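Please find one structure pasted underneath; my questions will follow.
Chains: A, B and C, in written order; residue numbering restarts at 1 for each.
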Amino acid sequence: MTMPKLSMTKDSRETLLYGILGIIAFLFVWQLACMYTNFGKIFPTPLVSIRAFFLAFVQPIGRYTLLSHIAISLRRVLVGYALSSVAGVIIGLLMGYSKMAYAIIYPIFCIIRPIPGIAWIPLAILWIGIGESTIYFIIFMGGFSQMVMNTMDGAQNLDTELVGVAKVLGAQENQIFSKIVLPSTIPYIFTGLQTSLSTSWMAVLAAEMITAREGAGWLILAGMQTGRIENNVIGMISIGAVGLVLASLLRNLERRLCRWSVRSR
Amino acid sequence: MKARTKYTLISIISLILFILLWEFLSQTGIVSARKLPAPSKLFDTFIYKLSNKNPDGGTLGEHIATSMKEALLGFFFGIAIGVPLGICMAWFKKFDMFFRPLFDLIKPIPPVGWVPIMITFFGIGIMSKVSVIFIASFIPATINAYSGIKQTKDVHMWVAQTFGAKNRQVLFTVAIPSAAPMIFTGARVALNGSWVSLVAAELIASIKGLGYMIQTARLVGRIDVVFVGVLVIGVFGAIMMSTLSYLEKKFVKGGRR
Amino acid sequence: MVREKSINQETPMVRLENLSKTFHVDEGDVRVLDSINLDIKKNEFLVLFGAGQCGKTTLLKMIAGLESSKSGSISIEGKPLKGFDPKVGMVYQTTALFPWLTVMGNVEFGPKVRGVSKAERRKKAQYYIDLVGLNGFENHFPSMLSGGMCQRVGIARAYCNDPQIILMDEPFGHLDAQTRYMMEEEVEKIWAKEKRTVIFVTNNIEEALYLADRIIILSECPASIQKEYTIDLQRPRNMVSSEFLRLREEISTLVELREGV
């Protein structure tokens, strides 16, 4: 799904040139729009935005500086994401491995599955109130169904011949699970982890916009409410950057753990 | 065959038991009806909301219509621009080099992050939602069209070239058809993202739509309306996704990769 | 008849008595094995030869414990077979290596699940990895190996579990001709060094003649024993000797005749 990295060949100089050209053109259009159109009445110029970005590291916006806001969002995402991943893998394995569990759980799961995590926000507030656990819950619901679906898919696509091989070699029923079912599901789990990470990141933004007084999502929204659009831009850039870092960390982990899988190479 | 009948039966029983247990918990007050309204109550509310504008100023049908209109408009614009952009980036090298850094810059920003800026620009009407959803579907549409073209098997292109096809003919007769499954994958991701960001955008600021309905109901404490809204959001999301899958089966021949 | 012959001899390694197998599918019943009676001696290299698609793999799977039979019986060293027997190992047509384990991980899998200590099983696995000529590839994953190398791993994995009987289900069916010759030589060398009872399924006449002490010709669906050849040629066999060619001619005529009917 992601674009392959550009190779550093003879063309790399040309690539760099055109890339810089693209960025400059973009900044130029932005600057012109600010100077000569109504756009400038609400939107800061590129220079103002960049200055504000660096200032935000030292000057607090709201109660915290930029880094603290990001750290707060990051902690929320990681807690909700960890919980949904663990629960999703367990339920997914259960449904993928046991036909009986699938028959019992799947119809109920189907009610929850198509509901976006963000749509749970009003219900979560009514159930739990406004606070950290509400945000965790929303992030949890954001990633949970994707984890379940991917893990289940993996366990259902299990190569039954390999189970036979293991049994002929003397593996017992409980060993089949830990030594065959689990490892062969891991690439699918990683696919789930990747998609679920980006939905979790989106869920935390939405949750913070609606229920929080700190965090990157709040930063973006507060920028709008106070008319300081540069804060808005700062928030978006940092959210994008952190999301990118998290996703590439996960890819590295996958490469290391799934060296055997063709997909990860 | 027999085993399948058995499991289907278990599924049906499981679902019925789930609903009965829910009804029981709510009716007996073990779980407060203010936290968990009974399914029968939800059904009544659903019927009520079909024709009544309380508490949020619109019937269920009006909210659904607004949400669908916003989601589909943004989705179609996103596809209409994202797919050609992805194809051009994959086919024309200079195009790719020029747009790639810009695209990489906006790619990782979650669509929800654009909501406040779009509201600042376009107000809380339909335009701001459509533009957020545009971004939500434009990005996956571009990425998938791009990879779809890039993954075109060289041998297929050589075959076309040895038959004397021009560069443009190779693009339209070989590369784009072979990228079709990936383009549809992109559309699926885009549609899913559209629906999610729509709900988010409507929750944050709007005057109509399903997200607005559940947010207003939450503020006045009508949890039954919230429940109905959430379920309707799920159902319509599922309907749109399966429509797209149906279209994909119909149009993509030769199966997915 | 077979039974009478073996009463006075030592107990056979494997004995199949009246073994039949029918699969029940939606369209009706398919009979794939029809009353097989066969004794396999200790350390014998037995080849099951059949041109058809029917019954051979099923027969091996039954001995391995992967399929059960309702009629007839299988006994190993005189004891009736129940489920999986540690005395039986198998090499598969599709190699069936565990893709998430390295060569070492695959070869030591059997001893590992049986609880053999790490030092001991590593030593043993290394011995068999060296034996099949994969020294230096211990930490490679199957996806990095060629088809022939994968099948070597499969053979080492089967041997490393110390089975008395090794079942080989068309192990070289997917290999190119050159690799196939090499692997046949390899299997014979290993068998000469590590004597085991081998039951080898193939549909390649030369392969059968090159490897077998005894060839059992199976008929088409349902498979039943059609003819038996004991091959007394000196090992390693010369594939262009007149006796070899004569036998090849004879068997192929037999098989072709049957297919013509």
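Keep this in mind: a residue touches a chain if its C-beta (ideal position, glycine included) is under 8 Å from a C-beta of that chain, and two chains touch if they have at least 3 such contacts.
Bear in mind the structure is a predicted one, so any value in this text is a computation, not a measurement.
Set against the C-alpha centre of chain A, every other chain centre is closer than that of C.
Compared on C-beta pairs in contact, A-C and A-B come out with A-B as the pair having more.
Averaged C-alpha coordinates put the centre of chain A at 50 Å from the centre of chain C. Note on chain placement: the centre of chain A and the centre of chain B lie 17 Å apart, centres being C-alpha means.
Shared contact sites, meaning residues of chain C that touch two or more other chains, are absent. Residues 3, 7-8, 10-12, 14-15, 18, 35, 93-94, 97-102, 105-117, 119-121, 143-144, 146-147, 150, 189, 195-197, 199-200, 203-204, 211, 214-215, 217-218, 221, 223, 226-227, 229-231, 233-235, 237-238, 241 of chain B are the ones touching chain A in the complex. Residue ranges on chain A touching chain C, taken from their complex, read 161-162, 164-172, 175, 179-180, 183-184, 186, 258-262.
On chain C, the positions that touch chain A within their shared complex are 61, 64-66, 84, 86, 88-90, 92, 94, 96, 98-102, 109-110, 113-114, 141-143, 157, 161.
Of all residues in chain A, those touching chain B in their complex are 1-4, 6, 11, 14-15, 17-23, 26, 42, 99-100, 102-108, 111-123, 125-127, 198-199, 201-202, 205-206, 209-210, 217, 220-221, 223-224, 229, 232-233, 235-237, 239-241, 243-244, 247.
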